[in-house]
Structures are given as structure tokens and as C-alpha cells.
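Going by the order they are written in, the chains are A, B, C, D, E and F; count residues from 1 in each one.
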Amino acid sequence: MLLHTVNKSPFQHAALGSCLRLSKDGSAILLIEDGVYGALKDTKISADIENAMKTKKVYALEPDIKARGVQDRVLDGITLIDYAGFVDLAAENKAVEAWL
Amino acid sequence: MLLHTVNKSPFQHAALGSCLRLSKDGSAILLIEDGVYGALKDTKISADIENAMKTKKVYALEPDIKARGVQDRVLDGITLIDYAGFVDLAAENKAVEAWL
Amino acid sequence: MSEEMMEEGGGGVIKKFCYINRKAPYGTIYALESLEVVLIGAAFEQDVSVVFADDGIYQLTKGQDTAGIEMKNFSPTYRALEMYDVEKLYVEKESLEERGMTADDLIVPVEVLSSAQLQDLMEDQDVVLSF
Amino acid sequence: MSEEMMEEGGGGVIKKFCYINRKAPYGTIYALESLEVVLIGAAFEQDVSVVFADDGIYQLTKGQDTAGIEMKNFSPTYRALEMYDVEKLYVEKESLEERGMTADDLIVPVEVLSSAQLQDLMEDQDVVLSF
Amino acid sequence: MKFGILVSEGPYTHQAADSAYLFTKAALEKGHEIYRIFFYHDGVNNGTRLTTPPQDERHIVNRWSELAEKHKLDLVVCVAAAQRRGIVDADEAKRNGKDGDNLAPGFRISGLGQLVEAGIQCERLVTFGD
Amino acid sequence: MKFGILVSEGPYTHQAADSAYLFTKAALEKGHEIYRIFFYHDGVNNGTRLTTPPQDERHIVNRWSELAEKHKLDLVVCVAAAQRRGIVDADEAKRNGKDGDNLAPGFRISGLGQLVEAGIQCERLVTFGD
């Protein structure tokens, strides 16, 4: 499967939406940089990501989460990883697609 | 009144939506650069801009429209202007707010 | 430097300056470089308002810890704005709500305005700088 | 140059390369610089697919006239891709529909794929380059 | 009328620098005054003389330099933004121990105060960015 | 495993350069090979030695140079993208009649083919951009 990375805020950019529409069930999605705002609960896009989590595995980069002070708001079921975990995900998947 | 400029595609960015939400009735909105995709008919955001045109005056920069090959798709009621017209709009309004 | 600038720049004129922050911190540099303009601008003794809307409200989130991305955490600087007499900080209510946040989640005291109130505030400005 | 590169780079391996274009032309340079990669990449004789989705489909709009913005109109170059044996051009149906467009509005013949078909196509790639 | 221009993105990558240039030219043709053009964020990259774009593309940096010479424009590159991005004039290079400089003719490096001052002095401040 | 890295944005303005650096460091620490780091679009601005960021900020350019020296990394700046944006080495400067150069230690300027070749040679190509 592909690893999909999203680095844009879902409130400002359509990148996360495009990634959810064009990634296959079973694939992994990693939220990094401003993309981590997509990992939070009680936002207007939380339902979209919760829905995606039924068929895809969603990760968020913890250093980016902490930098933005949102560590207490992460949705249940999202896996937090560090850069080493990012490297592992890239290695485990067949290729990496960046939703820029 | 303020002149509002929007230079982002409404399909990729939330800038046009923020501008419509936060600009006063009666103000002028000028679509430039990739923002001109917001001036087109038959798109998924056409209704939003038509709705805004009931209370605000919407302009689009014709050189940007032509560059993108969309001159035949512009919504009725949107005024096309050139850079000289942009200068006039900036001069006529009290200040210019760029929705970056 | 600031006195010379005042002489050269101000000339007694006081304008309403509005800085509008709509972008999240760290993903791009606009938030930090916007703050640098506000701090320098304070020396000019204009009538300054700073607005946070859309992702700009994330600039003010409490508990930022940037060690893991090796960047400088500049959020404490917003607390210093008061010392520079930059006291009018506004946050859009709709932007907070969309993000499930309240003013209590922010690092500095702000005035929460509705979109309509913010429209009025911005319409009243002489100079609008967007970041 | 290309022969030396082939020697050095290819080594007989043929990979599935997918270039994904999701940005409009002229507002930013990504569309143009993506096209430059596709052209250079053609010399490596890999199995190349070029995908246009989201605003990327605007790269292929007919009738572009850039004289008024003093930029170079690079859209005719897409027509030249065939000469470089880059023949697999795909456009997402949903992206066309959201913009009120059809394949007839585009400067080159393309294959229109649904989101589901595009998912399969991308999942089948060895290397994905996004612009 | 007295205009100030803020350019917030670098050349070629975003259209902002092009739009700012064409707006400035149109304003000058209409007889307006351009009090200052301030380059901030990646906009400072408009001010390097080391660019060599392809022959068939516009030369954004030279275009600014030529417009500045013709109309005696004040092109100001923000020093703090420039230091982060490697845009330096001879003085800055000496001060920071750099072995070269790259500022293009017609540009000068100065502080952010010049942007605020332009906001005060100009009747309109127009921003081009991303 | 053999990784290639593509950096598409300049330093400081976007986080892409930081993310790419921290990913690269983590991959090296895990014993992976970094075959090449390719700088394209505004990413070429990672390769100028004229930057002087504030003392309390990370020095993105020096950080790349140091990592490259330590791990013998191949840092390649795209020549076409670099020419548009004013990044030149001594050879390029001579060829294009420029009076200076600014490429940082550890970087080299080469063609876009180096990106495609990295895609062929590497088991994974990871892109950091905007």
C-alpha cells in the first residue's frame, strides 16, 4: 500500500479532503506539519477524519502535535509517532505520496 | 469601504470563503491570480459567489482570466478589469485587504 | 533608531493599523514574521489592532512545545505585546468554534468578536496588513 | 547527456513513475516545474503516468493567453509529451465535474478516470512525485 | 495618490511578484506616486542579482531594477527576512563575515520600520503575497 | 533501505526543509542509506551560504552542510530551479557571467535527471514541500 502524507491544515486547504478521496481503503495516512490540525477532536472536520478511520489507518507526527500545543485534543484512535516512526512507515509501505 | 483581494483558488484554499464571511455588505472583492477560478460558472462554488454578488461587488482581473483560458466561463455580473482598473479600485476604496 | 524613525515616519499622524493573522504557526513563517512587524510597529505609536482569525488563532494556543521540531517557541512573545502597548487583540468567534476552542485555550487575554463585529472593526481601519 | 544518465541511472530497471499535478498554472510555478521533470524524466525510459486532479486539470485548459501577465504560455508543451513517449495522461472525473468541465475542454487527449480508478492506478506505482 | 507596495513572495515560485510589478507599472502610468516597495518574507528573494532565468522567460529581478531606475523607486528589502534567506549587500556581508553579496542594483536593505512607515505615509498600502 | 529525499521549499518560510532534515536524521540513525537529497523549486534556497539567521534560531543551511559532511550525503541542487532563483556555484557564475556565487559547502548543482535517477535507484522517495 501507499503511505499518504498531508502537511496542510484542513481548515485552510483542500489537501486532506483530496487525500481521503483518492487513497485506497487499508492505506496509511500520516498527518505532519500543519496537517496535524486534522487529528483533533471537536472541530468542524473531526467527523470526516473519524469516518476515514473506519477504513484507513491514521497517524500524526507527535513532535508537530506538541509544537502546536494540541496534544490534549487528539482524536482517539489516531496513532502518534515520532520521526523514527515516520521512517518506519515509509519503509513498510510501497511508496510515499505527499498531498502537497 | 475596503477593497478585498483574493488570489487563491477557491477549490484548494479557504481564502475566498473567509473573505466572503468577513467582508461587509457593499464592499468590493477583486479576484486575481488563481483567485479568478472563483469567478466561473457551473462550478461547485459558483452558487457561493452568486450569493455574495447580491450584496457585494465582485471583480476579476482579466489578464489572469485570459492567462488561464477561462474567459468564456465567467459568471454574468462579474466585472472584468485590467491592472489600471485594479489601481483605480485601490484608489477609490479606503484601504486594501489581501486575503492571503 | 526608533526615535529617528518616529521623526521620519510619524510626523504626528496617528493611523488605525490592523494586523490580520490567519495562518497557523510553525508550518509556515508568516505568524512569526507578522509578530516581528507588530513589535517594530509598536515604536511608531499608531492605533494598533491585532486580529486572529481562521488558523491564526492557533498562534495563541497554550502549551506549545517546539523542542521536537527544533524550532523556537515564539508564543510567549504574545504575552509581551502588552508591554509594547499593543493591547487590542481580537479573535473571531466563528474561527474558535470551528476548531472546538474557547478564549480560555489561548495564551493571552483577547476580545472575542463575531464575524459581523470583526467586519465593522476592519472596515474602520486605515491600514490593513495581512499575514 | 541522456545516454550517460541512462547508463548511470537506468541500469535496465523499469519502474512505474507517476507524476501527480494538483495545482493550477501561473499562480505558482509548480505546474511548469513539474512539466520540466516529466520532460527530463522521459529520457530514462521508465513506465510513466501523468495524473491531473484537483486544480491540476486547469493546466490543460484550452485557449490560455498569458500576454497580459507577461509570462510564458507553456500549455502547448503538453501536446509535445507524445513525442517524448509520455502517452498516459489521466484526469480525475470528479475534479472535472466540480469545475464544470469535460475532457473536450482540455488541450490534449486524456483518459478520464473515476476517483476509485485513480486510487487503483496510484496504488500500482513504484514512485509517486507530487507537484 | 501615494501608494506603498508590499511584496511577500519570491520571484517565479508565486505570481505575487509579477502582480506587484504589473500593478506598480499601471499605477505609475496613471500618474500615481509609488512611495516605496517593501520586500518581506520570501519577497526578499526578488532582490538577488545572481538569477539567470531562461532566455524566453521574463527577468523578474532586472525588471524591478530597471523600473526603479526609470522612476526613482525606493525598493527596500527587509534586513531580518533577508538574513534568514541569504540576501545581503556589501555592508551586511562585511558585518556578518560573509564572503560575498548578492543584492541587485536599485534595491537597498533596511529595517521593518520602513514598512510601517510606508503604511503611515502612503494613502494606500497594497499587499501581494501567498 | 535506500531512501531518496526531495525538498521542494526554501528554508524558514515553510517547515518542509525542517521536516526533511529531521526525517533524514532519523533514517540515518536507524541505519538506512540516504542515496541523495534533491532540492527543487524553492528548495534550492536551502543551498545558499549567505544566510545569517538570528542566533537563537536553527541554522538550516549549516545543518545540512554538517549532516552531509558527517554522513557523506549527496546534496543536489537543481540547476534550472537554481538559475531562476539566484543560487550559483563558482562554475555556474563563470558560465553565466555572474560576479559572485553563493552555494553552501556540501551542496552541488546538477540536472533534474538526478531526481529521476534517485527515483529509479532508491527503494523509497519521500517528498517534503508545500
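Assume contacts are C-beta pairs under 8 Å (C-beta built on N, C-alpha and C of every residue); 3 or more make two chains touch, one makes a residue touch a chain.
Everything numeric in this text was worked out from a predicted model, so none of it was measured.
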Topological distance between chain B and chain F, in contact steps: 2
Chains touching both chain A and chain C: B, F
Best-connected chain pair, where connection means C-beta pairs in contact: E-F
Chain separated most widely from chain E, comparing mean CA positions: A
Shared interface numbering between chain F and chain E [over half = same, under half = different]: same
Chain at maximum distance from chain B, centres defined as averaged CA atoms: F
Distance between chain centroids, defined by C-alpha means - chain A, chain F (Å): 26
Geometric centre distance via CA averages, chain D-chain B, whole Å: 29
Centre-to-centre distance between chain F and chain C (centres being mean Cα positions), rounded to whole Å: 33
Distance between chain centroids, defined by C-alpha means - chain A, chain E (Å): 38
Per-residue multi-chain contacts in chain E, two or more chains: 12-13, 15, 19, 22, 41, 57, 80, 84, 125, 127, 129-130
Residues within chain D bordering two or more other chains: 22, 26-30, 54, 69, 71, 127-128, 130
Multi-chain contact sites of chain B, meaning residues that touch two or more partners: 7, 11-12, 14, 33-34, 63, 82, 95-96, 98, 100
Contact graph of the chains (line, ring, star, complete, other): other
All touching chain pairs, where touch follows the definition stated at the start: A-B, A-C, A-D, A-F, B-C, B-D, B-E, C-E, C-F, D-E, D-F, E-F
Of chain F, residues touching chain A in the complex: 1, 3, 8, 15-16, 19, 22-23, 25-27, 29-30, 32, 124-130
List of chain B residues in touch with chain A within their complex: 11-15
Chain B to chain E touching residues, read off their complex: 5, 7, 32-34, 63, 82-84, 86-88, 90-91, 95-96, 98, 100
Residues on chain E engaged by chain D in the complex (per definition of touch): 12-15, 18-19, 22, 56-58, 130
Touching residues (chain side chain D, partner chain F) in the complex: 1-2, 5, 8-11, 13, 15, 17, 29-30, 33, 36-37, 40-41, 43-44, 46, 127-130
